[in-house]
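What follows is subunit A paired twice: with subunit B in the first complex and subunit C in the second.
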Partner chain A sequence: MRRLLHEMNPSMKFLAVTACILILAFFFNPWTPLLFFTGVVLLQLLLSQTNWKLWSLAMLPFLIGAFGYFWTTLVFGQSGDSPVLWTIGTIDITVQQWELAWSLSLRVLAFSSISLLFAFTTDPVHFIQSLMQQWKLSPKLAFSVLISYQFLPVLQKEFVQLQQAHRIRGTGSRSSTFKRLTESRRLLIPLLAGAVRKAERAAFAMEARAFTGEARTHYREITLAPKDFVLFALFSLVLTISCSAIFWT
Partner chain B sequence: MLEPIFQVDDFSFRFPDLLEPTLRHITLTINPTERLVITGPSGCGKSTLLYVLNRLYPHNCDGEVSGAVRIFGRLAQDYDSGEVNRKIATVFQDPDSQFCMPTVEEELAFTLENLQVPRQEMPQRIDRILHLTGLEDLRHGVIQSFSGGMKQRIATACALIMEPECLLLDEPLAHLDPLTAKEFISWLNHLQQKSGIAVVAVEHKLELWGSFFEREIALSENGTIRKDQLFTERDAPILPDRTSAIREKVLFEASGVCVSYASKSILRNIDLQLQSGEVTVIAGPNGSGKSTLLKALCGILKIDAGTITGMRVGFVPQSPEQLFLSKSVEGELAFSGNSSAEKLRHLMTALDLRTIAQAHPFSVSHGQKRRVAIGAMLADERQVLLLDEPTAGQDLKALTELYRQIESRAQDGCALVVVTHDMNFASSIADKVHLMKDGILSGPYQPEELFSNSALLAEYRLHMPKKGDLYAPAFA
Partner chain C sequence: MLKGWKLKEIVLMSLFGVVFGIVYLLFLHIGNLWAGVIGPLAYEWMFGIWFIVSIISMYIIRKPGAALLPETLAAAIEVMLGNAIGPRLILSGIIQGLGAEAAFALTRYRHFQLAILMLAGAGAGIFSFIYGYFLSGYAALEPSFVALMFTLRVLSGAIIAGIGGKYIADSLLATGSLRGYAIAKAEKSDARA
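Then we have the complex of A and B:
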């Protein structure tokens, strides 16, 4: 049970997540996103092994964003002529503003929760392999994504090394943040030049191992099983219940 | 007589952006099970020839070609892209940029997927190659977490799983420490005997290979074949002897230096004293903390404990261009603003940079880049120079130039620290040697005493090649 979301076919999961986000965009009320958020967290609680500490950390920026939306809508939103709920100082908060603020901020949370569900339960390599196998993504495109995924740590190491080398030339440490930003363009050119060189070498290494971008067999077969359709239905159920909020509120 | 693998007939090759051809009138035949090495000075077209043999060139660079290359009796241009690479496998120089999957097993499978091997067959073939190469324990290991030596073995396994008839190696030892390199060679020797494939390598550090090769093709500077002969075992080239320029004055002193990163101790209690005119070599296995030490000494990394006193310290990374900030060599030296115009002129002359004063520092040769970096450090009043792995991947000509450069800086009264794996180079340049392992610096040792102590060298994964002068003049 606790591995179900991890084992779900990644392409199917991606389809479910994208569909949910697209459909949610048409519902603008506080209750739909609230229900959806609760449903998604519940699904993730029951059907996955999530590191919730990490999840909370990843959620934090979205939470701050949501609060920002909430607050600015309350303060600067168009008041219209709906009845005033409270008055804080010189600011009148109307019923309409109150609802608008909740709708906006909960929507941020709903979108981020479903995206995080995908990110926390999907291995990027399996996702790409699934796209190749289920959706016939071209191997050339798929492997360029996979290889750049391998390069990220290498590039990061290179960036740190460049930064350190430049520190000894006296840039960076003594200057202001603004100056540091303008100086970072000096890092960009050698970094990009290095990346281009590495990319060429990687391409050679792949061709030397008979990679042509043509049809290929797959060592890790990623299949579509009945459980993937059940899980898809489960996502649809959560979505339907949340959307039906417009009928009973 | 078996059919030859390669038949190259009067082949010339020119890169589209160069005026002169890189390879001229190459004619050679390579037979199955042969062990062949291609040698020659840097930039003579060794690697280009290797890339012609595995058909990456001219296909990928629009080079201009004349003559013919036949692979298994068929013209190279008649093959489809990637087709010939099923029989001709290649291992490249840079262990970091030849993998595209996270684990060893997936990487091996990548090769099989390219060959469209049915999925049911893959596990057996992966088992077989892991057994053949002795890498069974690494099956589920994450490639990026392994050392350079292991990565080269994995790359070789990934090449051999194709069951090729020829293995091409492009300076496979350039990034390995000496003992790791020797271990790789004896491992490869064993593999070649078991599988019987042909091995064609590009290499200039021949002393490490012992009697591995049977035949040598030496290219000359202008890209023609100079010699096609039986391979004879090489001794390390002799570098000139040097009289020490040490002066009394202590320029730099570090004591009790400790550095830790993410609560892991990387440098422990380092003591180091450098005198004016002194050349100090630091050696030790990959990952022992040598680069971290240099960065701590020049103030790039914060030290947790200990004291550093003395003159300001300059740092020249393995790729000197990492330091460059200006659009011209002249500007690079003037960047710090710590030197008078008079002194800058003097430095430009001393470092032989006058002729390239207006060139972009990224566009000059590797040796020139290093001189520009040294110049920039000296112009910034940094008399203590730390050189990180300046010998890696350098041919004898470049080593000799580096040697002269270090020698004259020492005579000027600088203190130099050189981190290197090349014990032959170290033994002729060093005034004293420190060894490093697991973040602990031992020594100083006198070079004569250390280089005759093979047990101590082996403990630090170092190796002193046999010295001789028989072949040195051929390169110098």
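Then we have the complex of A and C:
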């Protein structure tokens, strides 16, 4: 039970998540996103092994973003003809603005909860392999992406190396985080130039191993099982329940 | 779409996707904190940053799809790294990529002057705004505020992505690591002419 979401077919999961988000975008009441958020967290609580400490940390920036949405909608949202709820200084806040503000900011939370569900339960490599096997993503592209993905730690190391090289030559400072951030701009070109050369070498290596687009068999078969459809239905159920909120509010 | 692409171009495009996926993610977090203070308007003037890989990749590779694919990939990488807005980001990546691609398709992938690159950046801005209008519920905001957001985003696309993208690609060309790609060949024939 606790591994179900992790074992769900990644393409199917992706489809479910994207569909949910697209449909939610049509709803402008505060209850739908709130219900959806609760439902998604419940699903993740029951059907996955999530590091909730990490989850809260990842949720934090979205919470701040939601707050930004909340107050801008409160001030800049369409006021409509609804009665004024209260007045701050020269700004009148109407009932409509108040509800819209809740709806838009809760929507941010609903979207981020389902996105985090996907991120926390999906292995990127499995996702690409599933795209290749179920959605016929071109292997040429899929393997290029996998290779580039493996380059990530290498590029990170190179970034540090470049930083140190610059410092040895007297440019760049370690004084403040902000300064270091603005100076990383100077590192972009050498980092990219190194990446371009690496890409070329990787391409030669791939050609030598016949990764050139012929049909291939797969070492790890990613299958589509009945349980994937059951889980898909479960997502739809959560979506339907939260969307039905418009009928009883 | 990948017919006629050399493998090394595909790998280069993927690598750009990965590198800029990280850059995008970094700015997404900066933008997010920023947006907490001044609301959605915070993103608009810096939106061009998120279109830049389309312009760089197309300017270097110059083949159909070279704007759409890396933008989509960069978005996918943001999702895979796990802390972005999630799978819907891939959709916005596709839409932004299509916007840039449309500008290049209009000129039949023959012209890559600064004006075209800026048009591509603006195109990405327009496409992404239409998508955002629908998804983030801009319809609920005052029309004048929405118009301001739209103008800022298109300008940002043209300036940051168009001019900035050309600047980065030209600097890369100067390092000599782009030999063997379309951009270096075009440079050579220009010199001969």
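Keep in mind that, in the parts below, the second predicted complex is superposed on the first by the 223 of 249 C-alpha atoms of A that agree within 3 Å, B and C clash if a C-alpha of one lies under 4 Å from a C-alpha of the other, contacts with A are read in each partner's own complex, and residues count from 1 in each chain.
The rule is simple: contacts are C-beta pairs under 8 Å (C-beta built on N, C-alpha and C of every residue); 3 or more make two chains touch, one makes a residue touch a chain.
Given the structure is predicted, the values throughout are model-derived calculations rather than measurements.
K.L.:
On subunit A, do subunit B and subunit C fit together or clash when superposed?
P.N.:
The answer is fit.
K.L.:
Between subunit B and subunit C, whom does A:W102 touch in the aligned arrangement: first, second, both, or neither?
P.N.:
neither
K.L.:
Look at A:F28 in the shared chain and tell me whether it touches subunit B only, subunit C only, both, or neither; answer first, second, both or neither.
P.N.:
The second partner, subunit C, only.
K.L.:
Using C-alpha centres in the superposed arrangement, which angle lies between subunit B and subunit C as seen from subunit A, in steps of 10 degrees?
P.N.:
Superposed on A, the angle at subunit A reads 70 degrees.
K.L.:
So, does A:R186 touch the first partner subunit B, the second partner subunit C, both, or neither?
P.N.:
A:R186 sits against subunit B, while subunit C stays out of touch.
K.L.:
Between subunit B (first) and subunit C (second), which, if any, makes contact with A:F204: first, second, both or neither?
P.N.:
both
K.L.:
Of subunit B and subunit C, which one touches more residues of subunit A?
P.N.:
Of subunit B and subunit C, the partner in contact with more residues of subunit A is C.
K.L.:
For A:V154, decide between first (touching subunit B), second (touching subunit C), both and neither.
P.N.:
Touch partner of A:V154: subunit B, not subunit C.
K.L.:
Which of the two partners, first being subunit B and second being subunit C, lies in contact with A:T18: first, second, both, or neither?
P.N.:
Only subunit C; A:T18 stays clear of subunit B.
K.L.:
One more residue to check, A:I114. First (subunit B), second (subunit C), both or neither?
P.N.:
second
K.L.:
Who does A:T217 touch here: subunit B (first), subunit C (second), both, or neither?
P.N.:
It touches subunit B, and subunit C stays clear.
K.L.:
Contacts for A:G170 in the overlay, against subunit B (first) and subunit C (second): which applies, first, second, both or neither?
P.N.:
first
K.L.:
Between subunit B and subunit C, what is the tightest CA to CA spacing in Å in the combined model?
P.N.:
Distance of closest C-alpha approach: 7 Å.
K.L.:
Could you give the residue numbers on subunit A that contact subunit B in one complex and subunit C in the other?
P.N.:
Of subunit A, residues 147, 151, 190, 193, 198, 202-204, 206-207, 211-212 contact subunit B in one complex and subunit C in the other.
K.L.:
Where on subunit A does subunit B make contact in their complex?
P.N.:
That would be residues 125, 143, 146-147, 150-151, 153-154, 161-162, 164-171, 186, 190, 193, 198, 201-212, 214-221 of subunit A.
K.L.:
Taking the touch rule as given, give the residues of subunit B at its contact with subunit A in the complex, in rising order.
P.N.:
Where subunit B meets subunit A, its residues are 51, 54, 56, 60, 80-83, 85-86, 89-90, 92, 94, 96-102, 106, 109-119, 122, 144, 158-159, 162, 295, 298-301, 314-315, 317, 321-325, 335-336, 362, 376, 380.
K.L.:
For a test of understanding, state which residues of subunit A touch subunit C in their complex under the given definition.
P.N.:
Per the stated touch rule, the residues are 14, 17-18, 21-22, 25, 28, 58, 61-62, 64-65, 67-69, 71-73, 76-78, 100, 103-104, 107, 111-112, 114-116, 118-120, 124, 127, 138, 140-141, 144-145, 147-149, 151-152, 155, 188-200, 202-204, 206-207, 211-213.
K.L.:
Which of the residues in subunit C end up touching subunit A in this complex?
P.N.:
2, 6-8, 10-19, 22, 29, 32-33, 35-42, 69, 73, 76-77, 79-80, 82-91, 134-137, 140-142, 145, 168, 171-172, 175, 177-178, 180
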